[in-house]
Structure formats: structure tokens, C-alpha cells
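Got a structure here, written out as C-alpha cells. Questions coming.
Per-chain residue numbering starts at 1, and chain names A, B, C and D are given in the order in which the chains are listed.
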Amino acid sequence: MFDRILPYLLAGISVGGQYALIAVGYTMVYGILRLINFAHGDIFTAAGFFMVYFAAAMPLYVAAPLVVVATVLLGFVVERVAYKPLRSAPRMSIMISAIGVSYLLQNLMWYVTGGLAKQYPVLPWISEQITIGPASTKMATVVTPVITVLLVVALVMLIKHTKIGMAMRAVSRDFETAQLMGIKINSVISMTFVIGSFLAAIGSMLYFSNYTTVTPTIGAMPGLKAFVAAVFGGIGSIPGAVIGAMLIGICENVIKAVGYTTFSDAFTFALLIVVLVFKPTGLFGEKTSEKV
Amino acid sequence: MSTVLRVKDVTMQFGGVVAIDNLSMHVDEGEIVALIGPNGAGKTTAFNCITGVYEPTNGEIAFGDCIIARSHPTGKMKKLYAGAHADKYLGARVRLSPDKITRLGIARTFQNIRLFKSQTAFENVLIATHLRRTSNPFTATLHINAAEERRMRERAMEMLETVGLADSAGELATSLPYGQQRRLEIARALATQPKLLLLDEPAAGMNPQETDELGAFIREIKDRFQLTVFMIEHHMNLVMDISDRIYVIDFGRQIAEGAPAEVRDNPAVIAAYLGVDEE
Amino acid sequence: MKKSTKAAVGTLLVAALFAGVWLAERLAGANSMLVTVLEKGAIYALIAVSMNLLNGFTGLFSLGQAGFMLVGAYTYAIFTIPAARRMAVYQYYQGGIVQFELPCLLAIVLAGVVAAAFAALVGLPVLRLKSDYLAIATLGFAEIIRAVIQYDKLGPLTNGSNLLKTYPTFDTALFPFAVAGVCIAVILMLIHSTYGRACKAIRDDEIAAEAMGINLFRHKLLSFVISSFFAGVGGALLAMYQGTVQANAFKSSMTYEILLIVVIGGMGSVTGSVLASFLFIACSEWWLRFLDVETFIGTVQVPLLRSGFRMVVFSVVIMAVVLFYRRGIMGDREFSLDAIARAFSGKKRKGARAK
Amino acid sequence: MKKVMALVLALMMVLTCAAFAEDANVIKIGVFEPASGDNGAGGKQEVLGIEYANSLVPTVTIGDTEYTVELVVVDNQSQTDKAVTAAQTLVSEGVSVVLGSYGSGVSMAGGEVFAQAQVPAIGCSCTNPGVTSLCDYYWRICYIDPFQGTVMANFAMEQGAQNAYVLTQLGDDYSTGLGFYFQQAFESLGGTVVAETFTEGTSDFTAYLNNAISAGADVVFAPSSTTSASLIINQAASMNVDFPIMAGDTWESSVILDAVKGTSVQVYCSTFFDERDESNTVAAEFVAGFKEWLNANPDKLTNNGGNDIVAAVSALGYDGYMVALEAVKAAGSASPADIAAALPGVTYDGVTGAIAFDEIGDAQKDMAYIKLANTETGEFDFVKTQTVADLG
């Protein structure tokens, strides 16, 4: 019995880990700016395309770090262009700006690639095949959970024990007061986007070495599912986002195993609505009451 | 003279912080009652409990013979609860939403003005007449309720005239000077045809001359619309001048109650306001 | 400007509009780009206004418009495919279970009603959420509706993920103009009614609105249901315009497109939404199409111009509007005959004083 | 701000009007193909076939005047809603006949627009029966899915398969149609079928392949776009599955050859044409000329997927163009209505075999080639041909 379940479990944890790396980006940005960064999924896709184009032009060991730098730069530019001018604007305008940027990034990628699917280059170590018991899969599937946990632990350490981490926690607790306390808001927010994009870049390398075709809109669905994971885990809580993502990844594969394949995406949204209505703070989030 | 509003043992706690501690008050028909106390004493929190914006942690509030709020500490709050009478209000919890309380006849103004910023002064008051509509979405959309619409507009204009803002009806609400915005909020509250009017620092930011006019104005609308007035205010002369009774609260607890004269010389009140000089 | 003259001028303007459309159709020919843009512009205008009623007038940030358009389009298509052709359309489901067909107008109204029913269902759990959670929840529902309609077991009703086609369509641009016109008129009357004012109060300040006796949930649900009704009607018109309809095309990118039309037109302005719809469709379908074609001047190829460039230019324009020109074309002002009258009289009065 | 916008718009209006200027005796043929989206790769190869045919026969004589043929190319982006817009653009440009589209869904969506405008359209490689059965203005020069499904079902049986796992894409008429007809034929031959669907934009196929393994399938039939195909093959390789994967004509493309190279996955697909089939001299001539034309122009080569392997759809595009010219000559006029009237009577011995239309508008094509994607050479090996007669 177990060896029948193993392949699904493996796939579930692997895709769960990749969602987690994206979800952490959502949670941090939402925690600080109370903004759903619609463009985050597209930054994830852009990281995929960066690798496709860089790997074609230069050796892999140069291309990989360059992809991470390019993605982080993209995240930084998106924040400075689309969100910084609207710092004091009403909540709806910022969200419309986020949707506008997502729309712009998708169209830009469509234009650059001519709308055709591109093949992701074979990364040396993590694309090899490995067999565990009956199931055989790519090294990336096994490596993903490990990398995810390591990165998240590092991030939590950064948040808990460094100055910039404390600044982030202050800003997420109360935006105005943090400013009054002399915290340079813009650099804290930029740092959040930098970290979010960095994790998205790593996540995209793992995700696309498992699923080797990159199209301009391929990042939309994983992006949305990562956000659902962030909300499910309790928006603003990084461990919550990771556990939420893992659960969603596993549930998705179990649903496909049981046979309701058409509903695997719809399930994620049904879960989102159930969480939003019955427990808006998610598994680990804390209640934020609105003062009148 | 029946009791219009009765607040029994109300405690309001935000987590561990006790905003109101075991407060009991009542307001009788036709009275002007003032609620005073130093800043942060819990006055506006009391108003928010009465108007349903907050659900009190414990205690009961009744409007006439209808209970509009009743609850007891539950869940995490059971452990944190620091007030008394924890067992007195067990049983079914009642919480009316603010719109239902306004429908019963309690209208309020806000400490920091909350006018509808994209609407003109006239439209602000017109929106408050929506409550007493008899039309449903279909008749309203197809303008079959033209008669009702005319009546609403007349009443809105009438309210504007009462507060003396008839000539700036077409102005954007937020572009009016501060004093006029305060009066517009009162006009808006009156447009819901209340029985009990809750005024939250109506004279805030007014000079003495405007404050005296306001006192006369409040007495006039009380008689004209047979209202009962329950007011939070800091201007002592206004309070002493027009209120029949005064409640004084400090740190959420009631420290004095009675006619203006008694309260003025009450040592506890003076201490709360002016602080005790250290011998 | 007296009420009677305003009514007269108003009807005159409307008549002129319809005459213009009729003339355009005669001159440019039914298949010309001008007529196509007019038809699609009218349909998108109705859908944009219905979304503006929700986002612009009631302050509810909903991203579920594509879902309700899908329900409307499918309801219309399912109930109007001629019985003779059902066997060929529902080729994998033995002709499907619906074997009767309804007249066009009845089916369009039914499309709205079914979409409104879905909205009432969706609204119950969703409307108590904060603005950004409401956005994601409605987006989620649109995706769920799309997945359910494509479910194989529902094939006999919805033809699963396959195309629905051969249902009656309109052959003159006047039809979508008339239907969209009537619907937008009804929305305008709602906005100017006491319920419309209550919605605007909710948009400005929920706490103050509730303190004035406005039941937040009921009014939000009313606005949500009405907006979805007209989105359903818009979906039915879009199905008629396209001739074929498939659930897969109603993605969230369609909702984003409509949201951006509303933003360009101006949140809270019906005129803005209508103008922006025609501008958006004219640009994306017609004027800016040359940006996609690899054009050569002499032998040298104009750089950048190749397929997809049109959408890039478009998204950049939209970002510029969202960032720097936030009020959009009309802000929240409406086209009103008084404003024009005053503008005319204003000029005369200024002129008079100058003498 | 408003003044600038007005100026820009006016300029654009002038520009687009210039393009409308009609110069004398030009006949426009609309090319209605996907240049982007999931079917972009296949669409581009079909356009190459049409362009090659146009380069060989750039003019057609109607009556006594000679008309130059102008190709009006639009991109329907492999999406039904975008297809309607693209079709309307062609109609508004005043094309006399339309060639296309690769992908049945977009063809059917465009069909409604062409029918309303009474412009005849010739489908080159769309195989779903719905394209012609429901539209009186659509003809087709390739075989249809009921035939292709039966061919692949029989072939799977010959390979000893008893239990098939059919995977089709939701919202893709070609995929659902071919899957349905394969299942129908396979079950009538005594096989058992487990069928599942995936949504557009899915990348994770491991769960589906696991379902196939746990269902004990000995063949997987997955007619899908080339984008999903490379994902399926790549993940099947990493799970080193032992069953062969079969599909329809869309998988006869270099995208599949790249994905299969160096793996142990057996991929069979049915298609309309094989460049090494010497039996048809016209075909051999076309193959040689087409390869030379491709190599002469670098970006033509990239459009073909980076090599000069002749795709079946290019051959079909070539035949489609020739049939269109035949129809124009038969009609003796450039008006769409006359061409539509002349089309049913057209017969043409094309590169992909003899073409003659039945009353629905389908070509009575009865032969399919079956190929195996060779994992070493990275080319398609010819396996066998299958005709209606063999199926019995």
C-alpha cells in the first residue's frame, strides 16, 4: 500500500516546497505592506525565462547566480516603480497597480519570447534521475524540501536576530510608528522584495527543473496557489506559509490520485474561501482587530 | 418619566487592557445627560458599546424595554476577565448591529468627524433618510417612489435649515469649515428621526462664543424633536450650563454622578481632572 | 436648464447615437472593423459599468466578473442552440439533456438571472471579508466556476470543455447598443436612487454608513447581485458577438482587462467607463493593431514592431494611468447636460462682461 | 495630457487607413494560424508551407487578367476568444479565401465569423469533425479524428496493449475529440480505457503518469499540444515508465524529438505525411524544394524548430494553398461567394495525396503514417501506413 502512495507523496512534498518558496515572498510583502503582490507569480516566471536566455548565452555556473541577481533586481524595480509612488494612496489603487504590473510583465514576456514555450536548460545536479523504492523521479523532487527548510530557517534567523529583521517586524506591526522611530521604511520594504524575489528565483530553478517548459503565463497558477498557502498558513507568519504550502502540495496530488483531476486547481480556491470565511487568521496568524 | 437608556455593569476589555470597568448609567426621557472624564477615560468606548460598534465583554445595555447588547466573557477572555459580575449575564448573548440600533432610534455623531467625503452636505443628510424608506430596490430604481423621494429631500433640507446650513447645501461636505461640519453631523443624525441623540464632543474645536450658541441649539432641537440627549463633552461651562445630570468616569470607572452643582465641588472629580497636589 | 428641455435634448442625443451606428453599419459594411469595434465596445461598456457599480460606487473590490460573464454566456448559449443542431454540438454527450430552445431576449434575461443567483450564493460567505481578501476570494470563485463548468460529468448540460456554437447571434450593431443602453440606463437610475446613495455612503465610510442605519451586508449583497446580473447579460452579449463560447477563455486576465478599463475611465464614473470601453476596444482591436505587424519602410524593418508589441504598449499606458493619472479620464464626474449648458452660458456670460 | 492623446490617436488613424488602399488586381488569401500560445510551434510550420507555395506560385489568372496573390497573416494565439478577433481582422481586410487553422478549437471559433461573412475557409491540419460538420463555409484537406482515433487504437492493439490510459486537455477540442474517438475504437476492439483530463497551463504531470502506472496501463494515449507534450515526455523519462506513449498529428514535431532525445521513452504518433515516402513523386519534389528554401533563410529555419525536417503540417499548408488557387481558377472570380460555390467540385493531387471533398466538406483522405520518435538519431522513423481498408 505504501509504495502506491509514495510517488504521490514525493511529488506533493516537492511541489509543496516550491510553492513554499513563493508563498514566503507573498507573506512577507503582505505582512509589511498589507498588499497582495499579484506580480510575484510573474517574477517567478521571469526567473525561469532569465535562466533559459542566460544559459543559452553563457556557461551554467555563471548563468545561475546571474539569474538570481536579475530576479532580485526585477523585484526591486517592480517595488520602486509600481508601489513606492502609491505609498499613501488608497488600498484599492495599490492593488490595481499590482494587477497592472502583473499584466505588464506577462505581456512583456509574451512579446520577448514570441509567446512560444521555451525549454528549461538541464541543471547539472538537480535534474538527474533518482529512484527511491518503486518510484523514480528527479533529484529536484528530493532536494526541494531540504533546500526549502534550510532557506526558511535562515530567513527566520534573519528576521529574529538581525537589525534589518527587527526593522521588518516593527514595520509589519505598525507602519507609521516604525517611521517615527527613524526606520527607513523604503529600504526595509525594498529588502522584503529582495528576499521575496531571491526565494522565488531559487524556487523557480527547482520548479522548472522538474517541469521543464516555461511559458509566459505558467507562473500565474503556482503564484495564486502560493498565496492561498500563505493565507492558509496565516498571512504574515513565515512558518505558516511553508506548512500551508506543503499541505496544499500534498492535497493537490492526493486529489489527482483519487481521480478528480479537473478539480485540483479548484480545490485550492475552495480551501482559500473556507479559510477566509471561517478562520481568516489561518493556522498561525494572529488576530489584528481594527480600531475605530 | 420612563428610562430611555439603561447601561448595567458594562465592562469592555481589549485583551488585558480594561477600557470600561463595571459601568452602570441610565438616561431618562427628555433629559440632557453629560458624560465627562479626562482623556482616555473610556468615554468614546462607552458610546461605541451603546451604538453596537463594539461588543461589551460583560454586562447589558437596554434601550427602552429592548435589550440591545448583553454578553459575558467567553473563550480566552474568561481567563483574562478582570471585571465583576462575571456570572450575572450568562445565557443568550445579544448583539444588535449598529444599523439595527440606529433603526430603533439611537443616532450618534463622531468624535473625529466621519462625513461622506465624496458627497455634498445635502447628500450627506439625504443618505441618513434612507433608513426610514418604505420603497424596495425595484421601486426605488424605477423611480416609482417619487413621492417618498420628494419627502426625503424635503426632510433633508429641513434638517439643514435647522442647523443653519441651508445655503451651503451644494458644497462638498469636507470643504465646509470645521464648525459647520460638526453641525452637519448633527443634522445627519437628526435625519434618522432618533429618540436618543448621542453627541460625541460636539463642541470640540469651537471658540467660546460658538460653544454658547451650540448649548442653546442643543436645547432647542431637544424640545423641537422631543429628543433625549446623551453627550460627551470637555467644555465644562457647556456641560454645567445645559445638562440635567452628569456622569464622571476616570480610568473606565464611574467616580461621580449627579446634578452639575454637586459634581462641580465633588473632590474626587477635581482630583481626577486637576490631579492631587503632593503635600 | 429646465427639466423638460434636458429630457428633449437627451432623447435627441440618444437618437443621434443610434442613427450614427446605423449609418456606420450601412457605410462601412457589416464586417468592417468600425462596426466590430462598435459592437464589442458596447458590450464591454455594459460589463465595465457593471464592474464599476461594484468597485467604483460601492467600494467592493471584486475580481469575479469573468466568472459571472461565463455563467451568463453559457446560460444563453445552452438554452438557445437550435434543437436540430444539438446532436452535432454535443457530439460526445449524445445531444445533451437540454432539448428545447428559448427566444433570444428571454435567454439573455435568464443569463442575467442565473449569474445573479450564483452571485447571491457566492456573496453570502464572501462579502464579510476585507477588501483584499474579497478580491482574492471572488477571483477564486471565478476559477471554481470555470472548473465546474468544464467538468466532464456536467457534459450533457455544458458540453464539458468543448465549444458551444450555432446559437442565434445578432446581425446588426444596433442590438448590443440597445441592450447595453437599456442596462446602463437602469444602472444609472439605481445609482441616482436612494439605494445608490446608500452604496456610495458605504464606499466613503462603512462605519458612518452603518451608524446612519444602512445594513452593510444587505446593501453590499444587493450591489453584488445586481452587478453580476448585468455581467451575466454582458456575457450573453459577448457570446452572441463571438458566435462560439468556451469556458476556458473566461480567465482572470479577462477580469483584469475590464478592471483596467474601469480604472482608465475613472472609478465611480459611468460615462468614464463607457468612454474607456470604446477607447480600449478601438485601440486594442483596431488602431494599435499595426504595432503587431512587422512593417518594412523600404527595406529596413521598423524595430520592435512584431506580434505582442501592441499589448506591451497597452500595459505601459495602463500603468501610466494607474500611477500618475489615478482619477482616470472622467474621475468621478458624469457627463451631464447641465455641465455643458453651464459651459456654454459661462462663455456667453464671460463674453458679455468683457463688453 | 488630453491634447497629446488626441494627436497620437489621429496619427494612428491615418496610418491604418493608408493600409486599406486597394491597388488593382490583387487577390488576398487569409492565413489564419497560431503564431504563439500552446500551438504556436505547429502553426508556424504550417505558415511556412503556405509561404513556400506562395513563393512558387505567386500569381493566379482569373479570366484573362493576372492577379498577384497577397497573403494576409494573422495570429489567433491558440485561443478561441483571440481567434474570433483575428478572424474578424481577416474579414475586414477583404480576403477572398482563408487557410487555417492548426488546432480545431480556434478553427471552429473562426468558422462562425467566416460563415457570417460568407468567406470560404480551408482547414489544413485541423482534424476535429466539428470544424466542417457545423459550418457550411469550412472545407478540409486532411483526415478527421474518427479515422485517426481508430488508426491509433488499432495500432495500440497491434503493439499488444490491452489497457489504455487516455489523457486529454480540458478546453482543447482537438485533444478531447481525438481522445474520445480513440477510446471508442479501443473499447470496441475489446480493450479497457481509463480516461482523465488536465487543465491548460498544467506543468505537473507526475500525478497523471502515476495514475497510469497504478491503473496498470500498457499504453498511454495523450493527444495534446507540443507544450504539454514535452512536459509529459520529460516527466515520463524521469519516472522511466515502461509503457509507450502515443498521440495524434500534433506530436509529429521537432519539440517532441528534442524532448525524447537521450531518454528511454517510446513515442509513437500518427500523421498525414512522411518526407521519406518515395511512392509519390510530387511529394519528393516538394520535400527537396522545401528543404532548400528553408536552408536559404535562417529565420525560416528557426520557425521550423531549428532544423529542416519537413513537418506534415507544412506539406498540408502547401496543398491548402494549391487547392485555394484551384478553387479561384474554377470560380473564375475573386469574390468569396463564387469561390465557396466552386470549392466542393475541386479535386487536386497534392503532396499529401489525392484531395476530393465530400458533401460535408471533408477530404476523403484514408491514409495515415505512423512514426516512432527515435531516441538516438532525434528523427522520426517510419513505422507503417494504415488505411481505412486495413481497419476492416
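Everything below uses one rule, namely that a residue touches a chain if its C-beta (ideal position, glycine included) is under 8 Å from a C-beta of that chain, and two chains touch if they have at least 3 such contacts.
Nothing here was measured: the structure is a model prediction, and the numbers come from that model.
K.L.:
Suppose you hop from subunit B to any chain it touches, then on again the same way; how many hops at least until you reach subunit C?
P.N.:
Graph distance in the chain contact network comes out at 1.
K.L.:
From the centre of subunit D, which other chain's Cα mean sits the farthest off?
P.N.:
Relative to subunit D, the chain whose C-alpha centre sits farthest away is B.
K.L.:
Weigh A-C against A-D on C-beta contact pairs and write down the one with more.
P.N.:
Contact tally favours A-C.
K.L.:
Between subunit A and subunit C, tell me the centre distance in angstrom, where each centre is the average of that chain's C-alpha atoms.
P.N.:
That pair's centroid distance is 32 Å.
K.L.:
Measuring centre to centre with CA averages, how many angstrom lie between subunit C and subunit D?
P.N.:
Computed value for the inter-centroid distance: 34 Å.
K.L.:
For subunit A and subunit B, what's the span in angstrom between their mean Cα positions?
P.N.:
A distance of 48 Å separates the two centres.
K.L.:
Which positions in subunit D are in touch with at least two other chains?
P.N.:
Residue numbers touching two or more other chains: 35-36, 75, 170, 197, 199.
K.L.:
So which bits of subunit C are touching at least two other chains?
P.N.:
Touching at least two other chains: 147, 150, 152, 207, 307-308.
K.L.:
Residues touching two or more other chains, restricted to subunit B: which are they?
P.N.:
53
K.L.:
Give every residue of subunit C touching subunit D within the complex, in rising order.
P.N.:
31-33, 36, 85, 88-89, 91-92, 147, 150, 152, 160-163, 165-166, 169, 171, 241-244, 246-249, 254, 285-290, 292, 307-308, 325
K.L.:
Using the touch definition from the top, list the residues of subunit C that touch subunit A in their complex.
P.N.:
For subunit C paired with subunit A, touching residues are 55, 59, 61, 125-126, 128-129, 131-133, 135-137, 139-141, 143-144, 147-148, 150-152, 207, 252-253, 256, 259-260, 263, 267, 306-309, 311-312, 314-316, 318-319, 322-324, 326.
K.L.:
Over in the complex, which subunit C residues touch subunit B? Could you list them?
P.N.:
Listed in rising order, the residues are 186, 189-190, 193-195, 197-198, 200-201, 203-205, 207-216, 222, 226, 268, 332.
K.L.:
Which residues of subunit D touch subunit C once you look at their complex with the stated criterion?
P.N.:
Interface residues on subunit D, with respect to subunit C: 1, 9, 12-13, 15-16, 19, 35-36, 75, 79-81, 84-85, 88-89, 91-92, 105, 108-109, 111-113, 115-117, 129-130, 133-134, 169-173, 176-177, 180, 197, 199-200.
K.L.:
In the complex, go through subunit A and note every residue touching subunit D.
P.N.:
Against subunit D, the touching part of subunit A is residues 4, 7-8, 11, 15, 110, 114-117, 119, 129, 131, 135-138, 207, 210-213, 215, 217-218, 220-221, 252-253, 256-257, 259, 261-262, 264-265.
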